[in-house]
Amino acid sequence: MGRGEAVNTLIQDLKEGDDFVGFYLIKAMEARQTNSSVPKDYLDLVLSDSSGSISAKYWDASKTDLETFFPMCVVKIQGAAHVYRDQLQVKVLRIRKADENDGVSVTDFIRSAPVAAEELIAVIQRTIESLEHGDIRRIVTFCFDKVKEQLQSAPAAKSFHHAYFGGLAYHMVRMLELGEFLCKQRPFLQRDLVQAGIILHDIAKPAEMISEYGIVQDYSNAGKLIGHISMAAQWVTEAAIKLELDTGSNAVLALQHLILSHHNLGEWGSPVQPQMPEAVALHYIDAMDAKLQMVEDMLQTTADHQEWTPAIRGLENKAMVRLKL
Amino acid sequence: MGRGEAVNTLIQDLKEGDDFVGFYLIKAMEARQTNSSVPKDYLDLVLSDSSGSISAKYWDASKTDLETFFPMCVVKIQGAAHVYRDQLQVKVLRIRKADENDGVSVTDFIRSAPVAAEELIAVIQRTIESLEHGDIRRIVTFCFDKVKEQLQSAPAAKSFHHAYFGGLAYHMVRMLELGEFLCKQRPFLQRDLVQAGIILHDIAKPAEMISEYGIVQDYSNAGKLIGHISMAAQWVTEAAIKLELDTGSNAVLALQHLILSHHNLGEWGSPVQPQMPEAVALHYIDAMDAKLQMVEDMLQTTADHQEWTPAIRGLENKAMVRLKL
Amino acid sequence: MGRGEAVNTLIQDLKEGDDFVGFYLIKAMEARQTNSSVPKDYLDLVLSDSSGSISAKYWDASKTDLETFFPMCVVKIQGAAHVYRDQLQVKVLRIRKADENDGVSVTDFIRSAPVAAEELIAVIQRTIESLEHGDIRRIVTFCFDKVKEQLQSAPAAKSFHHAYFGGLAYHMVRMLELGEFLCKQRPFLQRDLVQAGIILHDIAKPAEMISEYGIVQDYSNAGKLIGHISMAAQWVTEAAIKLELDTGSNAVLALQHLILSHHNLGEWGSPVQPQMPEAVALHYIDAMDAKLQMVEDMLQTTADHQEWTPAIRGLENKAMVRLKL
Amino acid sequence: MGRGEAVNTLIQDLKEGDDFVGFYLIKAMEARQTNSSVPKDYLDLVLSDSSGSISAKYWDASKTDLETFFPMCVVKIQGAAHVYRDQLQVKVLRIRKADENDGVSVTDFIRSAPVAAEELIAVIQRTIESLEHGDIRRIVTFCFDKVKEQLQSAPAAKSFHHAYFGGLAYHMVRMLELGEFLCKQRPFLQRDLVQAGIILHDIAKPAEMISEYGIVQDYSNAGKLIGHISMAAQWVTEAAIKLELDTGSNAVLALQHLILSHHNLGEWGSPVQPQMPEAVALHYIDAMDAKLQMVEDMLQTTADHQEWTPAIRGLENKAMVRLKL
Amino acid sequence: MGRGEAVNTLIQDLKEGDDFVGFYLIKAMEARQTNSSVPKDYLDLVLSDSSGSISAKYWDASKTDLETFFPMCVVKIQGAAHVYRDQLQVKVLRIRKADENDGVSVTDFIRSAPVAAEELIAVIQRTIESLEHGDIRRIVTFCFDKVKEQLQSAPAAKSFHHAYFGGLAYHMVRMLELGEFLCKQRPFLQRDLVQAGIILHDIAKPAEMISEYGIVQDYSNAGKLIGHISMAAQWVTEAAIKLELDTGSNAVLALQHLILSHHNLGEWGSPVQPQMPEAVALHYIDAMDAKLQMVEDMLQTTADHQEWTPAIRGLENKAMVRLKL
Amino acid sequence: MGRGEAVNTLIQDLKEGDDFVGFYLIKAMEARQTNSSVPKDYLDLVLSDSSGSISAKYWDASKTDLETFFPMCVVKIQGAAHVYRDQLQVKVLRIRKADENDGVSVTDFIRSAPVAAEELIAVIQRTIESLEHGDIRRIVTFCFDKVKEQLQSAPAAKSFHHAYFGGLAYHMVRMLELGEFLCKQRPFLQRDLVQAGIILHDIAKPAEMISEYGIVQDYSNAGKLIGHISMAAQWVTEAAIKLELDTGSNAVLALQHLILSHHNLGEWGSPVQPQMPEAVALHYIDAMDAKLQMVEDMLQTTADHQEWTPAIRGLENKAMVRLKL
């Protein structure tokens, strides 16, 4: 497996019987032992690239191998594809870590939002600049600046929806589009509050979850003990104090209410229920975007020939069907 | 109270001490007796016109009066406005039923959707004609024709939302606008199904509820024993049979699924949960339109000087606030 | 393993150390691999006959074997019984598929209702013929004819109760017996409605579930997207149209209400709740028969020496005890 | 209003304009005052006889009258029937308490089970005598003897079902009939346990509720603090000790389990859930009899011309319809 | 009713037939009209003093009277006590407002915590001073100073428990006693966190509820839209910023977690659940003190001769019994 | 592995690479087979001593070994410690059962309450002797004597809390301490009832659960069919009869109510809800002690270097954090 080969086989192109070479991301890895009387170590792997993922075994791994490889590292592999229990699987013949000379990076192998993070962030920033109410604009700017860097990659959730690179920014932008439509359809809604609510409602998620390349590893202590909803509400307090605004003003009150109430019910994590028109709107904009994205994400990762997707946890654990009309 | 007077005092213009004359709708009426040792009959009334409604008493009503007047009849009244327990109230001095010569009709006195029923129905009809899938178009047309007449006036609910003249057609049209937006934002949604689902989801409501001028008097027996959801699904079956289509086709299955699942959960009346992308969309389009309309309706009927509306049953029994930013 | 041997060992007669020969149904089968460094294929089987079922392993299965055998096929086996982790298990020494000359069929190996399907269907048919109300009789006949063939084998459920060959017809007949008792005890109940409700309430189950020999393989698309309750209600609509009856008549309304309400609550799948005396009766007749059958089925499949049965999902996940008085 | 008149007008025969005389039970009574500036006392009454009940007013009641009359006392009345707010009502002209010479008693005026208490009790006693298991028979006899006297009149509940004279014994007997049917249909059920369970399940109700002539006035302290379920289970303990039986025997255990589990779920008052076949049967026998009796009682007390009964609390608050087929 | 009379009759000393004079607080008042054909105004009052409260009527009130008197004002009354429907009631003969010369104040007539507010506040302050962790002590001091003034009178709730003058401070002090016991019994609990949690958990209640003399009139806008739990958590943020402490320190995190989680469940208003030992302790200290106080408050306001108290909403709506052992 | 060696390595002192010898309790054991084509038996073990527990494998176990060893037996082991999948594990080289000459007993290896059972029982007994009400004292003594022996070892639960040797007595004593505090803080609570309630509330647990050395093996039939709450209430009935006290006295009623209501809600197993002040207190004393003990137990069994404990089932499945302040 020297350097410079042009070949790189995509996972979705593998067929039974293929001998192949390529770069892949180790998305998951477990060191196991065979059950033979003299047990031997082997690696149970999930390999992925931008086209999909596949299960793989690396038999007779050495002690050094166990310490060399780990989840989220990119490797070059020579392997053989075969079918095991109706599923295509890879038997790894040779494996080494990718290095700088290979010219590959983790981001080549991960799932991303369909729009580039820079574009999404630009849309959000233009929206913030267009907010008419000065205090609201300043508070939103303050909170946004806290996470602007992380928004390049942060997902919107661990697994429920938008759980990928740039997912949170993408969620915000789609919600802003829906919010724009609603403000036009129902002029009694105040655009400033709808837009500020959308941008702030999940703004503390990058501080709630520890993620790498859009994949959530764990929740932070503050994420577990405070939660992103209360964290965001406190950022508004912090913004008001630091910007020398009145922490008891109606603008501050309205922004905190929008954040705190957007999960709608106590059992879903909101300590108060929506009591402003824009808070009602925000909850439904969020729900509609999240639920439809769950459907869209699940359809995309379900093979075309399958009539039913797997069950979707966030949708009463129901699967979706593809009906030919 | 002869004919031909020009004067007609609007309810919202009444002030304490006014002596006035005008035509009003009896929105509610109860015959009562005083508690004196020789009890006397009187009428406890709610009068309304397009500007609002007000409580009124007609003391010393005769036996004939008790039989002459009834809810939903239009009357001409000479009265005096006074304050009782902080509320303006009318003491009725003279009262008679309006007749043909008065040139007034019930519809002058009732709450209506903000768009004329004819326009709404035209929008729905154009949408139906634009459906691309022939069987879907024919089935939707069949069902629509069943209620086209009643859609001129039918409300969308007894009290929750859109509970007024033309409310159901208005609900459909607003949902179609939202559906149009969503289909553009998320092209994986099939427009035919989204639009057909919107038009059919509440199509059996005029058969579930007995209403007059947009005010629901009661539920029909079929409404109570079958419910509008199952009724609409059966109309699809009926349409397929009468149009000689395959009752087991995917088109019929999809339309019935959209109808049956649109309340999302069993405890909300849906025997199945959404399992098609368009069914998920339909539920959230319906929820968002209904909830925001509840808010809008309540704000419109709450006096401008009041900071808080009354509690809204369909929104966790929460009131809405008007915050000055 | 030639033909014509008289011997055929019943599963319940197997003891540790037995070498035996017999015909069995493969109720479940999985192709697996050993964990040795050169993994070998083997078959993990569940064998069954009318006396019970037992776990079995067929080591060193060839590639041909993997394609020869499958669930629901009948095989002839030479095996050895041994104890593994406190449980009797079979080591398969030789295996071949049964063929026409063996004179065995799947039905010899499956669990069945304790009464022959023909008898059950005859009871149901006599009951239908005895219905006094002409329209009800005609509608029930129409719906019954749709599934008469399948009732020979259809189970009443995937696993909860009556989950075996002819289980649905058996459920109907036992309910008819209970209904007959109740109509005599409480003459205010209308026998026609009670009997029609019993026959129609689960009539669409054969269309909801795809089953073979009384064992449910899966739910149909219509079963998932519409559900057997709504399907049965639509068959009534279809019957009325095809028989040229009034779809809005009280008879049609009553039958549809009985079907739609028989699960009693929204969270159990009924879009409306019982609002006729016979609908209340139907729900409790159904519940009583299903729950007691679950108990009876579980006791029958629990070995006599065990004081407690396994937990029964449909009964709050409680086990049943056999107390010696 | 002297003695010995033959006339006695039944309530259901009263028509507008009647002047009449008769004996009636005061089922409810409240002393009120008119709102005149010199308020006067009057009596607001509900009169009843075996044919029904009616509202009545006794104007200008004296202070003596207020102390003379009380609920559950029988009175002779001379009155006039008139219509007030669409309802027939009685204006009391003269009133006196009934005395021994009138030859009337409270029981002439109350609602009763349709079978005489003596007959019902005889059926229960014969059933007890037929119990085959000696200890069970002795324990049931012991418990039954505690309430035999009260069973002559005790209702089964305050208002839910069988809420009348002899209602509890009637409930037991109807359940025994249903139990008999089930034991024949499903021979794996042990008749002794089913019958003992039926007789014991509500046996402590007369000690839980303080009733007079089948009308519950209140719950006893023990009824509130212990509840009839735990009380009955303790009676079994007491019986075992007093009869010198083993309190830890399976027979005692089974009887206590039947009693404790018959409400099926913790939130319905059962500290344990059914775990014996007969306990499952008992719960459904009880539920079926109670629910169908609620329906039957409500239909009987709803005027024939009304299509819908009032809502029934014990049936998800649903009303029942009378559909003409 | 001149000045300087010595007499002042306590409400609990009133007996039927008494003519009396005294000062009382108008706790509730409604202007009503008689139902006579010429309706007259009268006042329906609840009078209270420190010994209890009683219903009263002031017949023939003048228009001036309607505007002179209002809830929470102290009046001098000459009245007569009589019994109406089993209850002692006052007929007001003369009434005037108390003025400065009368030497009475509202606080003489209201219900208070059994310990003086000054003492309670002193206990809290000593506890704060004893906190060992400097940042915690400073933050608690900052928050406490915000409400120190209001703690003189603030109740702990509108009606559930400690709903009286000084009730909140009393609740805190009793909880501190219980916390002290627990910290000694279980040394693994950190005293600083338990005590800080107790003092902070309801610290924002005076800002959530608008109260006068310990009687809650209404909730503030911030109280409704943010809630006292989130408000208190934000005060901690504010304190940290203003005191120039690290807002992300574990001390800040711990205090916010204690506040946010103390209602234990989402449906009870806590956005996060207890995840520190002291947070678990805090929830149960709060619950135990609140529930036992509800019981104690209800027993105190229930007349000694009554065996059962009214139902207590916060205790599953159960009443308490006084059993003589 | 001869007798008399001084060495005995504690589990918590084991390090990777150690060869060691020691006595341990087999806390759990499963006989397994390797997946090799000629499968071999091996023992999968959990070894424990007072310092902790560890996973172990005994490869190539003989048929005799499979029958020699079993859970809860003490063994002497020669082993080697190595790391497998990040966890220290033992490879057993030699193993034999401990015998009398080894001078070790099971109790040396089990988890116990931190106070000796004798001391705990002495505290309970002194409390019983101090009860002032004679009947209550006699009844509590009667019930206590039933389980005094078993209280030496009985745990308070299978796994939720106090699930160890002497755990039930420890739970009682800690609750008595808390009860003592509360009775002093709130003198309206009757000490006799609080203390009797604490001692009786779980008194039937040793009869509900079959345990050995504080480890619950299973529930008894009575435990499943009656439950410890109803069993304890029946013991009070039994005590009253055997002691010739009035079974209907308020003392008996109060004790039974305390026991029956202490789980607070029907869904938590209480057939009645608390309706005496002491019953409310008892529920919260029990809850507070159980929940805080869960926390304390979990912290003690979580390695010091781990910031988060595992999730605690009885606390909404939440983990506890150790925050450094």
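In this document, chain identifiers A, B, C, D, E and F correspond to the written order of the chains, with residue numbering beginning at 1 in each.
In this section, a residue touches a chain if its C-beta (ideal position, glycine included) is under 8 Å from a C-beta of that chain, and two chains touch if they have at least 3 such contacts.
Not measured: the values here are computed from a predicted model.
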Requested in this report: Find out how few touching-chain steps suffice to connect chain C with chain E.
Outcome: 2
Requested in this report: Could you name all chains that are in contact with chain B and with chain C at the same time?
Outcome: A, D
Report summary line: Higher number of C-beta pairs in contact (A-E or B-D) found for A-E
Query - Cα-superposition angle relating the copies chain F and chain D, to nearest 5° - result: 180
Query raised in the report: Which listed pair, D-F, B-C or C-F, reproduces A-C with over half its contact pairs identical?
Result: C-F
Query - Chain centre separation in whole Å, for chain E relative to chain B (CA means) - result: 44
Query raised in the report: Where in chain D do residues touch two or more other chains at once?
Result: 35-36, 221, 224-225, 253-254, 265, 275-276, 321, 323
**Report entry** Set of all touching chain pairs, with the criterion as stated earlier
**Finding:** A-B, A-C, A-E, A-F, B-C, B-D, B-E, C-D, C-F, D-E, D-F, E-F
Requested in this report: Using the touch rule from the top, collect the residues of chain A that touch chain C in their complex.
Outcome: 34-36, 40, 59-60, 84-85, 307, 321, 323
Report summary line: In their shared complex, chain E is touched by residues of chain F numbered 133, 136, 174, 177-178, 181-182, 185-186, 188-190, 192-193, 250-251, 253-254, 264-265, 273-277, 280-281, 284-285, 287-288, 291-292, 295-296, 299, 315-316, 318-321, 323-325
**Report entry** Residues of chain F touching chain D in the complex
**Finding:** 221-222, 224-227, 229-230, 233-234, 237-238, 241-242, 247-248, 253-254, 256-257, 260-261, 265-272, 275-276
Query - chain E residues touching chain B - in the complex, by the definition given at the top - result: 31, 33, 35-37, 221, 224-225
